[in-house]
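Each chain carries a letter (A, B, C and D) given by its place in the written order, and its residues are counted from 1.
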Amino acid sequence: MSITRFDEPAAAEFREDVSAWVRDALPDMWRTSRAVMTPEEVQSAQREWDTALYEGGYAGLAWPAEYGGRGFGPIEELIYYEESSRANAPDGFGRIGRVLAGPTIIAAGTDAQKAKYLPRILDGSEIWCQGFSEPGAGSDLASVSTTAKKVDGGYLVNGQKIWTSFAQYSKRCLMLVKSSSELPRHHNLSFLLLDMEQDGVDVRPIRQINGEEEFSEVFFTDVFVADDDLVGEEHEGWRVAMTVLSNERGTTEAATRLVEATAQIDLLGRCCAAGSDDAARLDDRRELLRWHILRSTEEKAAELDWFVAGSILKVQWSELIQDATRLGLDSGCAEHRGYWRHHYLASKAMSIYSGTNEIQRNIITDRVLRVAR
Amino acid sequence: MSTLVGEVGALVAENVSEVLESTAGSEPGVDRSTWQILAEGGWGTISADPENGMELRDVLEVARISGRHPCSTPLITTLLAGRWFEVDDDTLEDGVAVAFARGDQVVAPFWTEGLVVLDGSGSPVAVEPSAMESFSLVAPVAVLPASTSALGGDHLAEARAAFVAVAVGCADAVIARAIDWSQTREQFGQTIKGFQAVRHHLANAHIAREQAWTAAIAAAHDPERSGRWARQGFSLAREAIELGIQVHGGVGFTWEVGLQHFLDEVVQLDSILGERR
Amino acid sequence: MSITRFDEPAAAEFREDVSAWVRDALPDMWRTSRAVMTPEEVQSAQREWDTALYEGGYAGLAWPAEYGGRGFGPIEELIYYEESSRANAPDGFGRIGRVLAGPTIIAAGTDAQKAKYLPRILDGSEIWCQGFSEPGAGSDLASVSTTAKKVDGGYLVNGQKIWTSFAQYSKRCLMLVKSSSELPRHHNLSFLLLDMEQDGVDVRPIRQINGEEEFSEVFFTDVFVADDDLVGEEHEGWRVAMTVLSNERGTTEAATRLVEATAQIDLLGRCCAAGSDDAARLDDRRELLRWHILRSTEEKAAELDWFVAGSILKVQWSELIQDATRLGLDSGCAEHRGYWRHHYLASKAMSIYSGTNEIQRNIITDRVLRVAR
Amino acid sequence: MSTLVGEVGALVAENVSEVLESTAGSEPGVDRSTWQILAEGGWGTISADPENGMELRDVLEVARISGRHPCSTPLITTLLAGRWFEVDDDTLEDGVAVAFARGDQVVAPFWTEGLVVLDGSGSPVAVEPSAMESFSLVAPVAVLPASTSALGGDHLAEARAAFVAVAVGCADAVIARAIDWSQTREQFGQTIKGFQAVRHHLANAHIAREQAWTAAIAAAHDPERSGRWARQGFSLAREAIELGIQVHGGVGFTWEVGLQHFLDEVVQLDSILGERR
C-alpha cells in the first residue's frame, strides 16, 4: 500500500528515511569537491550513484516488488526527488532506464524481456537512452521516419534520432520506428529495444544555442534488432510509446525543475534583483509551483483527474524559468552576467522540449476541457 | 498536510451544488430565498459542530461551488463564522456576514438586510441599510461604522483562502460559458472553437484557474503568507475570467450576458482581501 | 500640399495655429466648470464644439477643398488631435460624420449625395452614426444579416445593429446591409445612408460591463431607404465598407487613446504605484506608443508601407491601457479604487472593439508578413 | 524632427545590403574580407565628411541592414567614429571599434585583430589579442585596459540608437527565417504556417520588431533618455527573436541553424548598452 496523502504519518517517516540515506550515500568526492571535479570524475560519481541507488533500494521505487522494486506511488517518488535535490545528489546515468525503459518493459514487455533487461536497469549496469525525437518529426511524433525493415529473425533499422540524452554512455535504446509504409498513421510504427554497441550506430553530440553539448544525434545504418526485442505487437508501437511518454511528463520532471528555478530565483532575490517586485513575483510563482506539484501528486495518488496536471506543470515551470533567467539578464549584476546569459540561452529550449508549450495547450483544450476541434 | 478534500467537504459541496443548480436565481446580488433553502437543509450550521469534522479545506470545496453561481448567499461567511465564533444556530440560520478592513474603511461584502454582521471578535454590528455602497451593483458591499473591529489574524487568513476559492468558482463559471459559446458562435463560416487562438485562450484560462485553485489550497495550509496567496489567487482567477470574456467577443460586455458579475466579484474580493504590494 | 515630415517648419506653425485656436474656441463652461456640468450641459457643449470646429475650419481637415475641407494629410490631423486632447477639448457629436460618413461619401458617393449631405456634416447640423456591427456577425463583418429588400423606389431595411455610438443623437446612419441572399459572400451586401428619424427605428442603450451606457443597439423594422441613398453599386457594399474601416483604424484613434493612457499612467506614477518598476515600464511603453504614432503618421504621409501601422497601434494601445488599469487595481490606492475599477472594467472591451486583437494579429500575418494560410 | 530616413541613408543602406548579400559569410564572428570590400567601396568614410549629409537617422538605416547578417563588420562603429572624431580616412578604412563601459570593465565588442580601437575621446587604445573574452563565441568582445576611458554622453546615446537598430536587424533575420521555416516545416500533415498559434507568434514577433525600430528612432531623437530607449529596444528585439526561435521548434537550438548568433548578439549588446534598472 503506497502513501496517498502527505498528511499520513508514513509520509513524514519516509521523508526522514530518504533524507538520512541520501546524506550517507552521496559519493564522497561529490560531497566535498564537486565544484572542482574533472569531467571524468563527475562521470564516475554518476556511475557510483547508479550503484548506490540500487543498493539502497531507491532504484525501482515505483516498480512492482516482483521485479525488484518497492511498489510505491507518486508521493514516495516526489519525496525522494525532493530530498535528493535538496542534498544536491548527482543525476545518475541510469535515469532513462529506471523511469522510462523499465516501466515500459514492465507494462508491455515479454517475460523474456523482463528477465533479460530489468535486473541490469535496476543495478545500473546497463544505461539506456530513448530514441523518439527526429529532426523531421518534431512535435508530430507519429510521423517518425526512421525505418525498421523486416529481415530474417528481426529488423534492420535505418534513420536518425535527435535530442538523445546519455546516448554516448548507453548500452541500449528504446525507440519508435516506422515498420510499415502502407498501414495507416498510428498503426504503422513499432517499438524496439536496440543494442547501441553495434556497427552502424553513430552518436554525434549536438552543439546547442548556448555552446553546450547536452544531447546527441544518433544515426542508424542497417542496425539489427532481433524479433525478441520487439515490444508489444508489430506496428502497434504508438500505443507503447504513449505509455512511455505519459511516464515522462508530470510531477517528477516538474520537481527537478523546481530545484533549478529555486536556485535561480534565490540568486535574483539575494543579489541581482534584490528587493524588486519582479523578484518577489517570481518567488510567489515558484512557491505556487511547489504547491501545484504537491497537489498534483496527491491527486495522482488518489487517482483523481490526474491527466490534467502534466501539461499545466510543463507550461508553469518552463515559463517560470524563462522569466527568471530573463530577469537575470535584465537586472544585470556584473558578477553573474555570464551565469544568466548561459541559463537564459539554455532556457529557450524549455518551451520546446518535453512537448512544446503550444502542444501542451492543445492537449489542455482537446483532452482536459474536451473541446472537440 | 494534505491538499485533498475530505469526505465531509465533498458531501456538503455536492448537496450545496444541487440546491444552487435548482433554485438560485441568475440575477446578481444576495439571494435570500436560496439562502433560506440552504439554511433549512442545515448547511449553514454544519461547520459549527466540530464533531461533523469539517475542515477549512472542506470549506474551500463548498466556496468554489458557491462562486459558480451569479447570485450570492451568506453560506461561506456563515460556515466560517461557525468555525470561529460561538454563534447560536438561529443566528447561523439567519445568515452571517463578517467585517473586513478595506483601506481605512470596514466593510461587509455580500451583505443584505436580515443578515447578521459580526465584527472581528464575533460580536454583532448594527448596519444601516443606507450603508450600501451605491457603486456596487453586482456584489453589494455595506460600509460599517468606522469603529468596527475588522477580521484579523488566522480568521482573516482563513477568509482569504475561502474567498480565493470563491474566485476560482467565478472562473469556473466564466470558462464553462466560454466553452459553450465557442461551440455555438460562428465566425467566418465555422464555430470559433476551430480557431487555435480561441482554443489557446481556453487553455490559458484553464491553467490560470487551476493555479488559482492551488493558491486557495496553499493559503489554507500556509496562513502566514495568506496575503500573498490571496493576491496571487485573485489575480490568476481574474486572468482566467479576462480570457473567458475575450473569447466571448463583444457580447461579453453586455449586462445581459452577465459575465461582469463574476469579474466584478473577483475585483471586489481582491480589493478587500488581497494584500497590496 | 500637405506636410510630410514633422521637421518641416510648416508643421510647427500649424501646431501653433491649432493650439491658439483651441484655447480660444473652447466653450466657456467646458473650460471653467467641466467637472460639475449636468449631462444636458455636456451635450450642449458637445454641440457647440461641432459648430466651433466648422467655423474655425477644423471640421474637414482632411477633406478636399472642393467639399469645404482643408485638403490636409495625416500629419496635420495628428497635430490637431494632439493639441485638442492636450487642451481637453470636448468630443463633438459629429465625429462619425466627419471621420467616416464624409470621407466615404466623398470617395464613393454620387454628386447628389455629396451636395445633400456633406455641408450638413461639416457644419455639425446633422449627426451620423454607423451601422456595421451586429450581434450575430461579431468580427466577421461580411456576415451581417440585417436585410435590405428591394421595393419600389428603394429598400426596406429590417434587422439589428449593435455597439452604435451617438445613435440617440443621430439624424442619419451609414450602414452595411445584406441585399441578396443568393449572391456570393462579399458581393451580397449594399451600403446605405439611412434616415434615423423614421418610424421603425428603435434605439436602445446597452448597459455595459461597468454599468455605463456608451453604446446602443438599434432595431430596424421596415425602414425605408431611397435608391438615391445607395452608395456605390448595389450588392457591392463590402468594397465601400472597406474604405470606411481603413479610415476608422490607425493613427487618429491611437492618438486619442494615447491621451487616455497618459492620464492613467500619470496617476499611477504620481500616486497609486509611485516609484514602482511597473509604473516606470508602463511609462516607457506610453512614450514608445507616442513615437510609434509619430513614426506611423510620417510614413503614412510619405506613403511608405502604411498598411502596417493600424494593427500594431491597435494592439499596442489596447494592451497598454489594459495593463495600466490592471496595475491600478493591483497597486490599490484607496482613494482611486473606484476610478481603477471603472476603467479596468471598461478597458476589457478594448481588445475586442475596432477589430479584436486576434483579428489584428491575423491581419499582420496575412497582409503584412504575407504568409499565406 | 522627422522619423524618416534621408536620401543618403537609403542609398548607403541599399549598397551595403548588396555587398553583404553577395559576400558575407554565414559564420558568426567578425568578417575581415567583407569589411575590405565595404571599405574599398568607400562606405566606411562616408559619414566623416559633413558634406555628404549623413545624419544619425541614416546611420540607423545602415545599422539595421548590417544586423541582418550573421557575420559582423566594424561598419557601424566606423560610421559613428567618423561622425564624432577627427579620424583620418586610412584609419576608417582599416575599421574602427570603440570602447564601451560594461559594469566595471571597458570592452570593445565586435573587435578583431587589425581593427583600431578608439577610446571615449577618440584616441587609439592598444589591444592584446589575449584580451578576447573566451565565452563570446558568436559576438567577440575584447576586454580593454581598465584605465581606458569609455564612450559617454552624446556619443554613447548615438551608439545606443545605432546598436538598437542592429538588434532590429537581428530580429529581421530571425523573423525572415521563421517565416521561411513555417512554410516548409510539416507537422500533423500540414505546413505549420496553417497553425494560428504559429501565425500569432509571427505577428507578435513583427509587432515587437516594429516597436524596437521605433525605440531606435526615438533614441536618435531623444538622447537624454537613450538608456531607457536602449533597454526597451533590446528587450523588444529579443522578444521578437525568442518568438522566431519558438516557431523553429527543436531545430532552433542547434548551432548549425545559427539563430543563436542573433539572440546572443542582442544579449551582448544589451549587456553593454542597455540601461539597467
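As a convention for this text, contacts are C-beta pairs under 8 Å (C-beta built on N, C-alpha and C of every residue); 3 or more make two chains touch, one makes a residue touch a chain.
In this text the structure is predicted, and so the values were computed from the model without any measurement.
Peer 1: Minimal path length between chain A and chain D through chains that touch?
Peer 2: The fewest steps needed to get from chain A to chain D is 1.
Peer 1: So what's the Cα centroid distance for chain B and chain D, whole Å?
Peer 2: 53
Peer 1: Using the average of all C-alpha atoms in each chain as its centre, how far is it in Å between chain C and chain D?
Peer 2: Spacing between the chain centres: roughly 39 Å.
Peer 1: Touching two or more other chains, which residues of chain C qualify?
Peer 2: In chain C, the residues touching two or more other chains are 276-277, 358, 361.
Peer 1: Could you check chain D for residues that touch two or more other chains and list them?
Peer 2: 195-197, 200, 231, 277
Peer 1: Chain contact graph: line, ring, star, complete or other?
Peer 2: The chain contacts form a complete graph, every chain touching every other.
Peer 1: Spell out the residues on chain A that touch chain B in their complex, using ranges where they run on.
Peer 2: Those residues of chain A that touch chain B are 5-7, 277, 280, 284-285, 287-288, 291-292, 294-295, 298-299, 302, 304, 308, 312, 315-316, 358, 360-362, 364-365, 368-369, 371-373.
Peer 1: For a test of understanding, state which residues of chain B touch chain A in their complex under the given definition.
Peer 2: Residue list for chain B touching chain A: 1-4, 175, 179, 182-183, 193-194, 196, 199-200, 202-204, 206-207, 210-211, 214-215, 217-218, 221, 225, 228, 231-232, 277.
Peer 1: Can you tell me which positions in chain B touch chain C when the two form their complex?
Peer 2: Of all residues in chain B, those touching chain C are 102-105, 135, 137, 185-188, 195, 197-198, 231, 235, 242, 245-246, 249-256, 259-260, 263-264, 267, 270-271, 274, 276-277.
Peer 1: Which part of chain C faces chain B closely enough to touch in the complex?
Peer 2: 133, 135, 138-140, 143, 162-163, 206-211, 276, 329-332, 334, 337-338, 341, 344-345, 348-349, 351-353, 356, 358, 361
Peer 1: Please give the residue numbers of chain A that touch chain C in the complex, ascending.
Peer 2: Those in contact with chain C are residues 276-278.
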